[in-house]
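Two complexes follow with chain A in common, the first pairing it with chain B and the second with chain C.
Entry: the complex of A and B
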C-alpha cells in the first residue's frame, strides 16, 4: 500500500515544513471561533445521554417498593461477581423481594449485563459516574443507595425498550 | 438376551422391561416427566413418545414393553415433532415465572424447554389462572399454575408413603391437585414430593426463597437423624448449610429420606450457640481459651486422678474415627476400662419404612471400634452409678448432650470434680463442664458412620471451619467459593474455630507423650481397618459413595497405639 510513501518519500513542500506549519496554525485559528464542547467539570456537570452506562441502580416503583423479584440472574451474569442478592418472601403479588441487594462498586465494571439480563426491568444503568471511596466498605452500595425513583431512570428504560 | 435397537444403539433387556427402563439401564435417558423408577407407570405426560417401526402410531416409552428385534426411534422427525408439540402444550398455561420460582435451575420443564421445544408459543389467549402459594401441609407449598399434572406426588403418597393424601380435582385445563377434605400433606415423608415434582409446583417451605440452587455447592454425605443413615447431599452457600436432599442408594434409602432428617438435622450447624474455640471454666463462667492453653491445662488436671477415677462416654453422634481414638485414649493412654456410650432410642420415631428407633447415626460404629467397656469395666449405667457414689470423679464426654437426653443426669454430673466435653453447640451438658472443646459438626468433617444394617458410609466436609480451606482440602466449591476473596462477605461467612474430635484427642495424646502419625481422617480409618477385623481391607475409596456392607463378626477391641 502506501507504506513506502509514509516512510521516506516526502514531497519537496512537505520537506521544507513551512506550508505544513501554516496549515496547522490555520486549523487552530478556525477552531478558536467554533462553538465549545468542553464542559468545565466539576463546576459544570456533564449530563450524559440515555445510552450512557453509569452505575447500575434499582428501579423504585411509584409505591416506594423495588421492582426486583430477587431472581438472582443479575448476580449470576455479572462477570466480576459484584452483585449479592438475598431473597425473601413478601405478601405482595410478586411473592419474593430482595431483603438484601448489594453491589460492590469496586468490583463493578459497568458492563450493563445485569440490566440486559433482568427479566423485570428492575436494574438499569444510571447516569451517575461520580464514584469515589476511601474504604472498601463505602463501596458496598446497599438498597438505600441503589433504589432510584422510576421517574429518574425513565429515559433509560425508554431507550432500552427501543434498542434492546 | 433379547435385544432392541434405539436410535441405532443395540440395547439388551430382560423380559418385562419397558423401553424406558431398558434404555435407562444402558445409560440413555428418554425425556420424561411423569415416569419415576420407583413409582407406578401412569403415562400421562406424553413427553416420552417414541416411534416404533411397524407401529402405526407413536407410543410412550415408559409403558411400552420392549420386545426382541424392536426398532425404536427417539430422534426421528416424527418423534421430535411430537415432543415439541407436547412441550408447547404443557407450556400453554404455564406461568413462565421462572424468576420467582424456586425450582429454576433444577427444573425439568426449564431444561426440556431448552432441549426439546421450538422456543415459540402460538398461544395468544389469556392463560388459565389458578391459586398460587397454597400450603398443602406444614412443610410443603403448592403453586397450582406451575403444576403440569404429572401425578408423581399423588403416586408417591399412595405407593411409597402409603398415606393417600393428594388427588386430582377438576378436568381439562382446570385440573389441579388438592388434599382430601380434612386432610393435609403431613406424612413423615411428605417433603420427597418436592424432590420428585419435576417443576416448581411443590416447594419446601423451609428452603423457599433462601437461595438460588446455582449458588450452592453440594456434597455427598449421610443423614444424622437416625441409624438408617439415608444418603444425602448437603447444600451449602457461604459455609452455611441451607438444605439436605436425598441421594440414591438402592440398599439404604432408595430416592427418599424422612422430613425429620431433612429439616431437623442441620439447623444446629448454623446456630449461634455453636462452640467457637476451646473454653475453660473460670469462676462459674466458661471463658474462651487458646488451644495450647486449654489442652495442656486439661492434661494437667486429668493427671490428678487415678485411672479408676476417670470415666469415658463415647458418642454415637461422632464418627468411627473419633470413637476409635477416644477408646485408644481411654484404654491405652489413661488405662481406664470405664468407657461406654449412651444409646439414644425413641420408640415413637421408628416405622417400617426408613425411620429407625435408634436416633443416632453411628451406634453400631461405636461398638465396632471398641468404645465399649473393657474387661471388668463399667457400662454406661455403671459409670453413672459410680459418679453418684463418688467412685468416679472425672468424666470425659465425646460429643453427646446426655443431660438434654435425660435431665436426671444433670444432677449426677454436677457431683463430678472434673467434666471435659467435646461439643458442637453449647448445651445442658456443657453448662456443667470445666473444659469444652469445640467439635466440628458432621457437615465439616470426613469420617465413617455405620448404619443399623452394618453398612459403613462416608460423610464428607461440606461447610468449612477456620482451619479448612475449601479448595486446598478438596471440598466441593460453588461459583461463589471459587471466586470470592477475603473481602467478600458472601464468601467468608460462618467459619468457626472447631476441629474433628480425633484431632483434639490426638493433640491431647501428644501431650501424654504419644507420637501420633495421623494427618487425615483417612489415616485413622486405615488404622481401624488394620486393627479391627470387621473393617479389614476397607478404605475411603472402596467405601465410596454407596457404602460397604461390613462383615459383622464379634467386635474385637483393645489395640496398642
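Entry: the complex of A and C
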C-alpha cells in the first residue's frame, strides 16, 4: 500500500505551529537586513533596457533631417488615431517628407505598432517615460519635440533589428 | 505625604505618561511602516524630515484635514462615541502599570506608577474587555454590513480569548499572591521571571494579547480582503485616527502588561549586587522597563509581517480547543510548583 505523506497531513511539530512560526520569523528577520530594491526615483532615475516602450520619437539622421518618408502607415495603424502626418515633396533622394508630424500624447497607448509598421525605421519607441502636461495643447507633440538624433535611439534600433 | 503633594505628583505622572504614550504611538506607526518596508526589501518612509522622522506629524495633518464622513443610515451619536470609547479605554488602562521602583525625591517617596491599587490586574482586564464595546458599537452604528460583521467577529474573538487570558493571569497571581501589579513585579526577583517559571502560561498570554489587540495574525475584525476595513470601514478623518491611535496604544499596553506579568517588569536581574547609588539604579530600572517594552513592540510588528491571518474557524478552534486547555494546564503546573518548592 502506498503510504506517501500528503502535503496537507501535518506532522506533530508542524501541528503545534511554534517551530514553524519561529522559522517564518527568522526568514523575515533575515530579509530585514538584506539590500533594498527601492530606486529613489526623482533623485535616481530608472534607465530602462532597450526593450522598453517609452514615448515614440522620430529618428533624425546625421544631416539633421528626419528619416520619415510620410507614407502614413503609422497614422493608419495607430489604434487610437494619435498620429497625424502631412506629406510634401522634397529635392532629396527620398522625394517625400512630412511637413507636419504630430503625435497626440494624450491618445498614445504606447503599443509600438507605429514602430513595427514603419518601412523606414523612422519612428521608434524611446526610453522617455516622464511625460506630463498641464493642457491638451501641450500634449500635441510636433516635429520639434519628436525629432531625436539617431545616436540616442541606436540601441532600440539594434534591438528591433535583432528581435522584430 | 500631604494630599496636595499627592495630587501634584499624580498630575505630573499622568502628564508624563500621556505625552510619552502619544509620542510612542505616533512613532510606533512610523516604525510599523519602516519595519514592514524592511521585511519586504523596501526603504519605507524617508521623505518627510531626516530619515522620514517627521512622517507621523505629516500623517496626523493629513488625517485632520480630511473630510469627516458619516453614513446616512448610521446612528450618529454612537458613531461618534465609539472612537472616543476606544481612545479612553486605551489611555486609562496604563494607570496601574508600574514603570519603575519607588524613588525618593526631596525627601518624599514616590512610587513610579500612577495608581498603586490593589485590584490593578482586575482593572486592566475589565478595561480591556470594555475596549471591545468600542469596536462592536462602531460596527453596529455604521449601518454597513461589513462593519457589522467586523464588530461581531471582534466580540466573538474577545470572548474566546479573554478566558485563556484570564486563566494565564491566574498562574501569575498564584505566585505573587496579590492582584497589585507592583507586588507582581516584586515577586519576580532575579531570574524568577514568570516567563521562565511558566512558559506555557507566557505563550498563551502572548497569543491572547495578540488576539486582544486585534493584531495580525488575529486581525479578523478588520480583515481587509474580506471585510473592506471591518469595523472602521465607515470611519474617516479624526474618528478613524482615533481607532488607529487606540490600536497602537493597546499594543503598548499589551506589551507593558506582558512585561509586568511575565518579564519581571522594571527589574534588572541582580542589580543590587553591583552596589550602584540608588538614583542610578532607579534610572537603569526605568530604562530596563522601556527596553523590554520596545522589544515586545518590535515583536508585535515583526509577527505582523511574518504570519498570515487565521481563518475564522481556525481562530475559534485555536481559542477554545488549544489555548483554553493549555492555560488550565498552566494553572495546574504552577500549583504543582508551589506545592513542591514551597514558593
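Simple rule for what comes next: the second predicted complex is superposed on the first by the 137 of 164 C-alpha atoms of A that agree within 3 Å, B and C clash if a C-alpha of one lies under 4 Å from a C-alpha of the other, contacts with A are read in each partner's own complex, and residues count from 1 in each chain.
Following the convention adopted for this analysis, a residue touches a chain if its C-beta (ideal position, glycine included) is under 8 Å from a C-beta of that chain, and two chains touch if they have at least 3 such contacts.
Quantities reported herein were computed from a predicted structural model and do not represent experimental measurements.
Colleague: Between chain B (first) and chain C (second), which, if any, makes contact with A:37: first, second, both or neither?
Modeller: After superposition on chain A, A:37 lies in contact with chain C alone.
Colleague: Is A:119 in contact with chain B, with chain C, with both, or with neither (first, second, both, neither)?
Modeller: A:119: touches chain B, not chain C.
Colleague: Given the touch rule stated above, what does A:10 touch, chain B (first), chain C (second), both, or neither?
Modeller: neither
Colleague: Taking the superposition on A as described, I'd like to know which of chain B and chain C A:28 touches: first, second, both or neither.
Modeller: The answer is second: A:28 touches chain C but not chain B.
Colleague: Chain A residues touched by both chain B and chain C?
Modeller: none
Colleague: Can you tell me which positions in chain C touch chain A when the two form their complex?
Modeller: 35, 38-43, 46, 203, 302-303, 305-307
Colleague: For the complex, give me every residue of chain A touching chain C.
Modeller: Against chain C, the touching part of chain A is residues 18, 21, 24-25, 27-29, 31-38, 40.
Colleague: Name, in rising order, each residue of chain A that touches chain B in their complex.
Modeller: 69-73, 75-76, 81, 84, 87-89, 94-96, 104, 119-120, 136
Colleague: Looking at the complex, which residues from chain B come into contact with chain A?
Modeller: Chain B reaches chain A through residues 98-100, 104, 132-133, 208-212, 214-215, 479-480, 483-484, 487-490.
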